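Labels A, B, C, D, E and F are assigned to the chains in the order they are written; within every chain, residues are numbered from 1.
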Amino acid sequence: MYEIGIVHRNVERTEARVADALGAFGTATVHEAMGRVGLMQPYLRPIYAGTQVSGTALTVLLQPGDNWMLHVAAELIQPGDIVVAAVTSECTDGFLGDLLATSFKARGARGLVIDGGCRDVRALTELGFPVWSRAISAKGTVKASLGSVNIPVVCAGALVNPGDVIVADDDGVVCVPRARASATREAAEKREAGEREKRKKLAAGELGLDMYQMRAPLAAAGLRYVD
Amino acid sequence: MYEIGIVHRNVERTEARVADALGAFGTATVHEAMGRVGLMQPYLRPIYAGTQVSGTALTVLLQPGDNWMLHVAAELIQPGDIVVAAVTSECTDGFLGDLLATSFKARGARGLVIDGGCRDVRALTELGFPVWSRAISAKGTVKASLGSVNIPVVCAGALVNPGDVIVADDDGVVCVPRARASATREAAEKREAGEREKRKKLAAGELGLDMYQMRAPLAAAGLRYVD
Amino acid sequence: MYEIGIVHRNVERTEARVADALGAFGTATVHEAMGRVGLMQPYLRPIYAGTQVSGTALTVLLQPGDNWMLHVAAELIQPGDIVVAAVTSECTDGFLGDLLATSFKARGARGLVIDGGCRDVRALTELGFPVWSRAISAKGTVKASLGSVNIPVVCAGALVNPGDVIVADDDGVVCVPRARASATREAAEKREAGEREKRKKLAAGELGLDMYQMRAPLAAAGLRYVD
Amino acid sequence: MYEIGIVHRNVERTEARVADALGAFGTATVHEAMGRVGLMQPYLRPIYAGTQVSGTALTVLLQPGDNWMLHVAAELIQPGDIVVAAVTSECTDGFLGDLLATSFKARGARGLVIDGGCRDVRALTELGFPVWSRAISAKGTVKASLGSVNIPVVCAGALVNPGDVIVADDDGVVCVPRARASATREAAEKREAGEREKRKKLAAGELGLDMYQMRAPLAAAGLRYVD
Amino acid sequence: MYEIGIVHRNVERTEARVADALGAFGTATVHEAMGRVGLMQPYLRPIYAGTQVSGTALTVLLQPGDNWMLHVAAELIQPGDIVVAAVTSECTDGFLGDLLATSFKARGARGLVIDGGCRDVRALTELGFPVWSRAISAKGTVKASLGSVNIPVVCAGALVNPGDVIVADDDGVVCVPRARASATREAAEKREAGEREKRKKLAAGELGLDMYQMRAPLAAAGLRYVD
Amino acid sequence: MYEIGIVHRNVERTEARVADALGAFGTATVHEAMGRVGLMQPYLRPIYAGTQVSGTALTVLLQPGDNWMLHVAAELIQPGDIVVAAVTSECTDGFLGDLLATSFKARGARGLVIDGGCRDVRALTELGFPVWSRAISAKGTVKASLGSVNIPVVCAGALVNPGDVIVADDDGVVCVPRARASATREAAEKREAGEREKRKKLAAGELGLDMYQMRAPLAAAGLRYVD
């Protein structure tokens, strides 16, 4: 599926205004707004808690134990990008450390999502460069085999096209295709507006059973109450 | 084993005084006091560190990808309860988010133990609603299939009956059967009293080898020292 | 491979000056300085973030569910040691809790690296006794079967000889053989000196592509750029 | 939850006629007949393919790395039993090998279901003693710590009471509580009768869409067909 | 990323002649011929050994614990298809059993590749309907939530478009995009022709070191031989 | 720990007579004869069932996704060797396929033990070249980075020195250090002789409880029988 050894310089990115706006909703709201799709698998975890970001995807395909293409990717980063790195087979090596993170940040990247490992997590935390990874590992990598940059990649189970919107927070990572970014933003806004009201009611002790009118369908499904 | 589609309204809960007292000991002491049993498997982790709670179990059986029964459970929560949710097959979806947590908290629940995933962990942290889960995942769930509420469930390898005591902290989760709660409390008190003394001696450099008189049994078992 | 039931009292430890110096570099730099070897597998995680330590290995071989040998090891701890515990088969039980940690610390140990579980993590955090473990579990252990102390052990995939240097931080754990400790220290110093310069350049926006002169080898490998 | 150090000699077993009849249906049909419950987790796998058995549960609780209680259990085996072994924490050691299997078979056991490992699988295959286990491992065990026999145990996520019916085949293992065995048998018979007819129709090319009248509910749920 | 609730009736399938030809090479040769890409992750395993098939992908997106869309897919199967099923979150339930397999086979399907579980594996083996799955589990599923049919899906880490070629054997599963099928076939033929010759030489004791002229590059890389 | 880029041509192998004799006992007996040590972790599985072999270890250290060193190793194989391959970080790629296996077999290797993946398992089965691996994967590897040959390696948790004896069967893999090979053989013979007698008694219905005189120690440990 992947083409190896190719770098696409020009990527049609989602409009910054839209990409930025999506970040405010967080992954749960955004993936719901898309119909509960687009999430990466939950083994991707942030290396430190409390960050919620969004940006446009700059995609990278890596070979196991080899981070050469991250250097190639650095040159193509534009402010507002989030680097999304897939690997051709499962690998927990530390593909990115504080040097590359310094470079990525200097070029304008807002973070890294990698279906592999990263290292120097304390330095990255101090630097304020958030990473979502499948592992933390000090294991270094070589620079010997080609992958690709800015091709469509599958990262942690989700298809990511260059220029798509990435939203990432403590709950995980979601990818919003460029073509659906605006509509998703609108749907997310609606959803969030509705939730504020609901939260207030629930905090006051009202039940979801009543608020969502679940009693009738539960009875219809055969739920029996026993005293 | 499970009966599906049934909700038991009335649960004989462990006396609050006993349930609350058990929380002070923590999971390590409590499970030792019961003879080293009752622990849930260690893949259950708190979504944030530093909480130590106890409460009476309100049990829920969920279907994979479906959180309908958590809404049914909300109505039955009594102050001092901890909701314990099992799933009929392995699933990491985010069964509970900040709306349900708000509702649970408003009804008096002290936390959730779930053999599945949860989401909105930042909001939950701010809300102060502790969750022990097998995963953190933004993935939403449907409301389509019945499970049950307040039936005996197996959660992360431990049998939990409604009304049992749940103790949870940074080390994990333990279930104390209602009938053994008082005796366990007494045993835990004894154990803890003994530990204070030991801790002081160990801090002063005394060896467990001497304090627990292990040298003779070690020699009897054949341990050889080589210089 | 292992000899069971044996305790070596005398261990030729790496010189303290060298062992201490290695700690300042962290695991990533140290394992690179050795040629990218010596790392333990990344499933070993610190129970709390932010610690970076080094010390001389006091090794222990445990049986599953049995922490007897940790008590034997306590007597042999010398200030500056890090206890490294292997288990003869996979086990997540809580082999060490706050009592043993208190004892270890009183004897001068700087931490524990264990291919098993530990418990009382909140107490350990307050005590300031760092542990790298494969699990956190309240499950207690028995004292019934012999293992060994101060024999060569395989811990999380790495061979550790008594007296080797252990370096551990948020990125994981690395073992430096005694015979290579001095040379590794020198190599690490060189590497770190080089990195300071590079970090500055990268922070200023220079590319690794240019700094490491990667453009020619990438082209030679066949990398194609597409506009 | 568990009581440690106790052996119940007398177990009220499900009637042999019923236990035997359930074996003919296999795990898929039996767990469906109970309402899709009672299954052990799918990490339990048969050590060789092609066996479908049922029997009455003789339960054992083991400690990690210790198979002492399997010897205690051997004495209590009655012809038609299946031994069901839980372990107080995750362990892949080879708790049973060909000697114990020979003993179990001689006493009338039809197989072993163990939430741990087993060994000598070639000998067991030749002996015709089926085992469902979480691992195959040559690792031997000690005989040092008490567990219990014929108490309720949680094995691979399912609660098993002594005397319950165990059905096991290539798809896994299911437990039918004694009190529901007869009703489950009847439900399974009905289900299987219905399936014969359906299988014939499906083999002739008829669609489940039509046979189960799914077209209307799919349309109601909003399914759209696009040419 | 996924659109939910949509069924594409018309799929442009890879030419049967090409799809069939690719099956003869097996997954290792085919993915090499594409540049070492397109493989699904190795946790997908065949339920029985010895099958090597190819076919055109009919894709399905399932919800966890719900196999409704497999029934929808059955109607669209054309002879020569292989059904490829993704799930919106990790789930090991038995989405397909012998009834559905009978139906799929009757409609002309050559097999199923599913990023979930299947059941009735003995019946499927007798039926000769091969399945590559992530689990074997008797757990049944509901028919309550919509997914989609014949949309692009990510299955076990690989992107599959409807009509792509699937090749599956004992080594795993590979997807060849329709647009690259012919070229891949040619590359695979060349590769295989070369391998026959090499196999003969290697069987005669010739070394890969010489055959692939590796001695010089190994020396250049710094390999040292020690006697 | 590892030295990278080195090949030791001369290995002091365990005497063939001893290495061959150990194979007859199988892994369970051999590791018991050594005091229950030396086993590799049970995730290593044979690619086909029914083989029991032994041989002298020719060790290889690989880099993730790179099988270059297997070609280097081929030249050094002597009849009676078993190749033991470790990888510097976790990797499931298919490091060996039928071409390399053909070469290895032609040079006299009896099998491969690899802490990684292998491919072409059907061809390997037909060839009769047994492999114990952590995965089966069609994923090919590159030839770009040096490892080493005939240095001590840690494979699946066990330390293996070149020339040690490897015994492998359906239960797993065990390593017998050269210096202990003769003694282990004698201990294994004694053990097996004892087992024949025991097997006969157990088959006749005698209990391990009596044969091993366990009743007294069980009572002393506090085991209670309840009618």
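One rule holds in what follows: a contact is a pair of C-beta atoms (placed from the backbone, for glycine too) under 8 Å apart; a residue touches a chain by one contact, two chains touch by 3 or more.
Here the structure is a predicted model, which means the values were calculated and not measured.
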Touching subunit B and subunit F alike are A, C, D, E
Taking all residue numbers used at the subunit C/subunit F interface, answer same if over half belong to both copies and different if under half do.
same
Could you grab the centroid distance between subunit A and subunit D? Build each centroid from C-alpha atoms only and quote it in angstrom.
41
Taking the mean of the CA coordinates per chain, how far is subunit A from subunit B in Å?
31
What positions in subunit E touch 2 or more of the other chains?
5, 36, 39, 88-90, 92, 137, 139, 145
Per the touch rule above, enumerate the chain pairs that touch, sorted by label.
A-B, A-C, A-E, A-F, B-C, B-D, B-E, C-D, C-F, D-E, D-F, E-F
Residue ranges of subunit F touching subunit A (in the complex, touch as defined):
63-66, 88-93, 137, 139, 142, 144-145
If we count contacts the way the header does, which residues on subunit D are in touch with subunit E in the complex?
26-28, 31-32, 36, 39, 42, 45, 49-50, 52, 169-172, 174, 195, 198-199, 202-209, 212, 214, 218, 221-227
Going by the contact rule set out above, which residues of subunit F touch subunit E in the complex?
5-10, 68, 71-72, 74-75, 92, 94, 97-100, 102-103, 105-107, 117, 119-122, 135-140, 143, 145-146
Going by the contact rule set out above, which residues of subunit A touch subunit E in the complex?
1-5, 34-39, 41, 88-90, 152, 154, 157-159, 175, 177
